[in-house]
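All chains are identified by letter, namely A, B, C and D, in their written order; residue positions are counted from 1 within each chain.
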């Protein structure tokens, strides 16, 4: 008797499975025909890193404070800088990112106080030669030309409650750097031995 | 038993074997002599009051600069009583020396792989281990121990060529 | 030639590192008698990146992206395990909203991880279609993650002191839509597999993991619960804010592959329940406690563990008071769970080994770290 | 109208008009051979595409979409790719056996079509032992799979070959016994004879006379054609790809096409034996050409096989054997007894 019940049960469940697949046969496909159709990447999408420039002057926002270089866990960012004799401010002379080792974590964007570096929704950056993955400053600036962004306001005091829609990191990063300034610049020193980089000339107080 | 009660019980029960004890980060912690490592583990597993049937974590810390040796750390826990215990021991060693200690894999079979990993990465010899092959590293690894402090076999950060 | 003269011989087979059913680069050296398995020797380490050593060379904040890579199928849970440990080490308080967001993300990722497991488990048994169905639902979860943190696989969502991004406006309606359709989708999978006689034949009484063996090998997570042990760190130690939610711990009875399958299927529904409660009770407020950029936790050590989708994930961090950990030991579930494979996989056919391996839900980067 | 059978007869008559009979025989043999080969190649190409589309839509995907309308030319593109591939042979392979295995596999699949009645009068040779011939010739497949598994000198391939030998030989027994039921009812071994015995509406089809026989036949045929849930000789997840693991290029393509041709073969036999062959559903639907009926029914049967494949998990090798010997074989015997009773009682 149990054999009969088992068999009928089994056949019922086999048919149940067939019903599920045939039900899906008449549903619309959910996949995308990739090169013809493309996803719209969400606003926060973390793809290729770009350097942002000022919308009015067209100059890079980067002030070569080396914060992103220090924040990078894989040391993909290399910055060389020079002091502009006129303005007495640092300017980057070379800014390279090795996208081959970049892990797209977004810590550089979080570390930046000047809206100079951003991870964008661009993702089709495949090339044949690995060395072409090392992006230089001009190329990064070119990539960042059409990227919309909000320039961070110079708010020193943090706001208490954030709206869900606002980009919370903006104010936080600001507030964080505010905290840090209060602490003094000595706290940046320990980052130094991650990479052999000049560590004492971080121009935090410049802003 | 909560951490304090457990610690109290264990320190009273194994008074003569425990060097140091305390609560570190909410977990009852005891330190024993390397010679007692295996015997106290067996006791703790068999003790009906503790019933440490399982190993949560088992590894080593290179304390050669600070304490002059490697510290073995094993965190035990008991499904039955839901309590944890960290047991430590310091293996004195200097330089490139490989200290020796008795294996725990007879007590908890899971310690097998933990010890194989610790052995190859720290250079601690587990005496009596049933299968002392390399686990993570190549079979023909050159004999350096990568998890030791100051190991500089390879640079961890590669810079792009300029 | 008489029958007596015919000799049979055991032979060795390398299953992996390139084999479709080892779920990554794991090599099993199998001694076989015909199709019957006599001995299994796992060889791991192909993916060894020495993440523990990397941890000693990175600041606490810089290490978060690396935790994504430990268990890339459940990165949120891996993030969670690490930030909890670091916060406990430094005594950082986390805002309530951040805790809720963490729980939502961790539970969603648990569902996603179990869906990947279901997909690969079904495909191991030869059923290809559930694979695509499971990935369809996983895509919905990944879309939610992507709109929140911008990535689909390695999220780097949690940071020490909270979470990096607040959820966007369109997150909540999408999540509720997902929670609404998800149970019916799980029903679909169950129709395809659970009581299918072929599936039952392939998984019932296969790879029985007894309670005792599970204890000895510190098996954790759904594989342990499949053996009938009601043990879940979310309940037993109640890290984060899990004590506020109402959910069950599904357990099996025999510890065979089918029980482990059932436990995971039911766990997906329980996780959906937790997410529902969390999104309903999501408070407003801050999402991050300010942690200085070069954060130095006090000297000391900490041991914390969480219930990751594959089981217990624990961090043992030793701090010497500098910006970088002095030592970081990561205990992952797969590392211990894989060790029972030579015990429970023996005397089965090679087709069963594939089923057992699938039912244990091993992920190799977690074993090798 | 549109009956193809007439065309072949007309060609024969026309040739007979001016050629000696020997030449007619040779030419017609060549023509039929080429026709069957061409038909099967097209059929296999179509079936491969069809399976891809069915599986894709069952999984809410599109499947091939680029080559031609909805990717109809995809299989041809794949075939061209396979042709261009290097023909690899493992160093320690048994060269002769390795070379011949795919040819025998494809040849056996091809030969079965000699006696399949595609429509009224469309049959290459109506042998009076047609069904016996098919059973005999399809068994060659197992030889080729075993050859492939052995010659590859690969442990996985050997396991696959052994599995296939065990499986196909086991399932041959219930399969043949299920066919016996239909033969008893039709009182003939000729394929055309079996079809004509089921004339006059669908209630005369043998599937309603002996449903048990049909069930046993269909399950055994699924195994015979190496389809999921009985595709254990290939079993990509366990044996990587089983017997054809070392094959590449055109040799692999031959195995691949043979699998699809075999799938159509078992469907065609199922249609012939149990669904009235090229007979229409109702006799008033007779204006639709008979070959359309035959192809339609066969493709439905093929669809069901594909449907199985994309729904079920794979059964284990020992369970497969148990199922054949302990379940299907008694059922097949029961079917013969029931059919015998039926013939005696209702005659």
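Everything below uses one rule, namely that a residue touches a chain if its C-beta (ideal position, glycine included) is under 8 Å from a C-beta of that chain, and two chains touch if they have at least 3 such contacts.
Every value quoted in this text rests on a predicted model; they were computed, and no experiment measured them.
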Most distant chain from subunit D by Cα centroid: B
Pair sharing more residue contacts (C-beta pairs) when A-D is set against C-D: C-D
Chain centroid nearest the full-protein CA centroid: C
Centre distance in Å when subunit A and subunit D are each reduced to the mean of their C-alpha atoms: 56
Intercentroid distance (Cα basis), subunit D paired with subunit B, Å: 63
Length of the line joining the C-alpha centres of subunit C and subunit D, rounded to whole Å: 44
Length of the line joining the C-alpha centres of subunit A and subunit B, rounded to whole Å: 39
Shared-contact residues (touching 2 or more other chains) in subunit C: 57, 129, 133, 136, 192-193, 196, 198
Sequence positions of subunit D contacting 2 or more other chains: 58-61, 310-312
Touching two or more other chains - residue numbers and ranges from subunit A: 14, 17, 20-21, 24, 30, 194
Residues of subunit D defined as touching subunit A within the complex: 54, 56-62, 65, 307-308, 310-312
Of subunit D, residues touching subunit C in the complex: 55, 58-61, 155-156, 159, 163, 228-229, 231-232, 235-240, 310-319
Residues of subunit C that touch subunit D when the two form their complex: 11, 13, 19-21, 35, 122-129, 131-133, 136, 192-193, 196, 198-199, 201-202, 349-352, 354
Subunit C contact footprint on subunit A (complex, rising order): 6, 9-10, 13-14, 16-17, 19-21, 24, 30, 42-46, 71-73, 103-107, 110-111, 119, 158, 160-162, 164-166, 168-169, 172, 175-177, 179-180, 183, 187-191, 194
Sites on subunit B touched by subunit C in the complex: 24-27, 53-59, 61-62, 66, 73, 75, 79, 82, 84, 86, 108-110, 112-113, 121, 134-138, 146-147, 149, 151, 156-157
